[in-house]
Amino acid sequence: MNIPTKRREIGELTLSRITGGTGSAVVDSLKDIAPDLAEWVIDFSYGDVMSRPGLDLRSRQFATVAALTAMGTAVPQLRVHLHGALNVGCEPSELVEVILQMAVFSGFPSTINALNIAREVFKERGVTPAA
Amino acid sequence: MNIPTKRREIGELTLSRITGGTGSAVVDSLKDIAPDLAEWVIDFSYGDVMSRPGLDLRSRQFATVAALTAMGTAVPQLRVHLHGALNVGCEPSELVEVILQMAVFSGFPSTINALNIAREVFKERGVTPAA
Amino acid sequence: MNIPTKRREIGELTLSRITGGTGSAVVDSLKDIAPDLAEWVIDFSYGDVMSRPGLDLRSRQFATVAALTAMGTAVPQLRVHLHGALNVGCEPSELVEVILQMAVFSGFPSTINALNIAREVFKERGVTPAA
Amino acid sequence: MNIPTKRREIGELTLSRITGGTGSAVVDSLKDIAPDLAEWVIDFSYGDVMSRPGLDLRSRQFATVAALTAMGTAVPQLRVHLHGALNVGCEPSELVEVILQMAVFSGFPSTINALNIAREVFKERGVTPAA
Amino acid sequence: MNIPTKRREIGELTLSRITGGTGSAVVDSLKDIAPDLAEWVIDFSYGDVMSRPGLDLRSRQFATVAALTAMGTAVPQLRVHLHGALNVGCEPSELVEVILQMAVFSGFPSTINALNIAREVFKERGVTPAA
Amino acid sequence: MNIPTKRREIGELTLSRITGGTGSAVVDSLKDIAPDLAEWVIDFSYGDVMSRPGLDLRSRQFATVAALTAMGTAVPQLRVHLHGALNVGCEPSELVEVILQMAVFSGFPSTINALNIAREVFKERGVTPAA
């Protein structure tokens, strides 16, 4: 309704850079059940938060992958953001490092489960972590 | 007993770079209750994991701060690793960005509670996040 | 063995009102592995707790859906209690509101994952959240 | 910068109804470390989410108290929202019911720890749960 | 009201063996806010669950200490059950082993935080883990 | 590279006793994505931690099953360690007791979800919990 153009535009741009998708795809995916959530994802998550200038997108994706690995309750989102990390220039080997590091902080199960998702994502992309 | 010199030396070096502390301080802090844990912290956490060459220490600390913020169950460790992040060159404003980003992934309470710890750490260090 | 008739009867009644199922179905589903758990579910969870007079069943189901959404580790139970919420008169749109609200408290992944379950439950029931 | 007046006004109103506080107090509390978070709290959390018309504020607070009790990682926020629940008309005894119900879903420790916070909140307010 | 004597008696006995406390102390501690919770603690937690014959109390306390360490959200309960573990014959060194083992499953912060609580409990009891 | 023979040998032995598998199988399963993790699993998790003499393997597996049940985020690992528990002499009925006990500490959903995994494991093994 009264969404400021600027948040929407900035959000769409960052959404596109990270996920490779469009705002309208987000809107479509949620319009049957919670259309306003699509606006929040675009305007708030990608517009207000992920677009902030104080940290580069590579670092932001390292942070996201670390958090989702540690939480262990966000498998679909970890998949999306591993793709997103690759989209903004993170190397597969760097993402493996972030996930391995979580063994210290949230335990080996969280690391192993996240690596299994990373393996699938890398396979879909045809990339491999350098030895 | 049979700790390889190399893991210990590498671990001590990275421990020192991140926490500013020494392995012997870790050993002292745990010798009354679980002396072997001190060895694991130095040899495994700092030696095997945090010292790996594939990711820079700044990115590692972003990942750690993100994970500990999202988990919400590791206040003393979040404090240590906010100090550690500053020690390896993360800017206060960058750490605030990582913590703010967690509002999206683990919710506002996790962000607010971590910011309150960051405020204390910044105060102890006499630093402030640039506007 | 010495289960008081009253807890059992009250539990069966509330179980039936919320889940639409019978105590004997619960008993059957657990008799091969942990028959006493069936008694705890009926007598304690539904009899002692969910049947208490101080809060209406609609509010109880809002609370349950909120908690299970935020926890993110109880997918089958979230499904059961979304059905249960509809059974006791919660509107689909109200359940969407409760789930959306969790974006603030436990983050967007918890909300999105719970909405995907709600979508399936609504589809099974042939209901839709009013716009 | 480009915050739409409407979100801010709506957010301030709901913030005031729930917490009894003002947006400027939120702004003041965060201006030293993360001023934009104050805007997110007012505009997004209270403006976009908690102000939505599809669910009454009492039910919203039941949902929040349930989630924060189950999470167990948000003690300051549980305190704020227990006050908030009382502010929007939840009875102390109803809040006790919501917390007790969590024993089933997130275990007895989560219930006992939340009750200890509720006891403090009730004492500050001079209210008691009716028997 | 209709609490079967047997659950109460069995619960009181096991409560006494584990915590060293009495049911009436539990009742007193909760009578101002949630008197029925005291009954659930005695009758359900200690009567129905912890008193079951299929597992010895030492093993039960190992399981409880492991779970509470891994959860990281139940500090007061971890304290109670470390005392309880000592009361039923667990050695301080065995409890340290259980807590150390959690480093693998839930991460180093969970282990370190639990050890700090164990240190306080051991000190209160005047015991030390054998080297 | 500089892995001490002793940690590796001890780790392989305990890995074999608990999982019935070999270190080389672990190495094979991770060599495409994170070969060093295989070394950590063998040398650290099984060599340094699970092989420690201060607690018998049965008690260790009770602790692991309790923690993984309570966490609710480690389904594949819970499966592995239920098998492991049977391998080191835990009775199916004892494992059911540990899982049931978690209803008190982490809630009924955690117990029910873990029991469903235990049922599958018991079926694969052709064992049943004694009544």
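A, B, C, D, E and F are the chain letters, set down in written order, and residue numbers restart from 1 in every chain.
Throughout what follows, a contact is a pair of C-beta atoms (placed from the backbone, for glycine too) under 8 Å apart; a residue touches a chain by one contact, two chains touch by 3 or more.
Keep in mind that this is a model prediction, so the values were computed, not measured.
The chains that touch chain C as well as chain E are A, B, D, F.
Taking the definition of touch as given, a chain qualifies here only if it contacts chain B and chain E alike; those chains are A, C, D, F. Although chain D and chain F share one sequence, what matters here is the overlap of their interface residues, and that overlap exceeds half of the numbers used. Relative to chain B, the most remote chain by averaged C-alpha coordinates is C. In the Cα superposition of chain A onto chain E, the rotation angle, rounded to steps of 5, is 180 degrees.
One inter-chain figure worth recording: chain E and chain F are separated by 23 Å, centre to centre, where each centre is the mean of the chain's CA atoms. The geometric centre of chain B is 40 Å away from that of chain C, both derived from CA atoms. Mean C-alpha positions place chain B and chain F at a centre distance of 28 Å.
In terms of their C-alpha centroids, the spacing between chain B and chain D amounts to 31 Å.
Residues of chain C found to touch two or more other chains are 36, 40, 44-45, 49, 52, 68, 71, 73-74, 77, 96, 100, 102-110. Contact topology of the protein chains: fully connected, every pair of chains touching. The residues of chain A lying in touch with chain B in their complex are 44-45, 49-50, 52, 54-55, 59-60, 62-71, 74, 77, 93-94, 96-98, 100-106. Per the touch definition, chain E reaches chain D in the complex via residues 30, 32-37, 40-41, 45, 68, 71, 73-74, 76-77. The part of chain A that touches chain E in the complex is made up of residues 102-110.
Residue ranges of chain C in contact with chain E, taken from their complex: 2-4, 6-7, 36, 40, 44, 48-49, 52. Residue ranges on chain A touching chain F, taken from their complex, read 71-73, 96, 99-100, 103, 107-113, 115, 118-119, 122, 128-129, 131.
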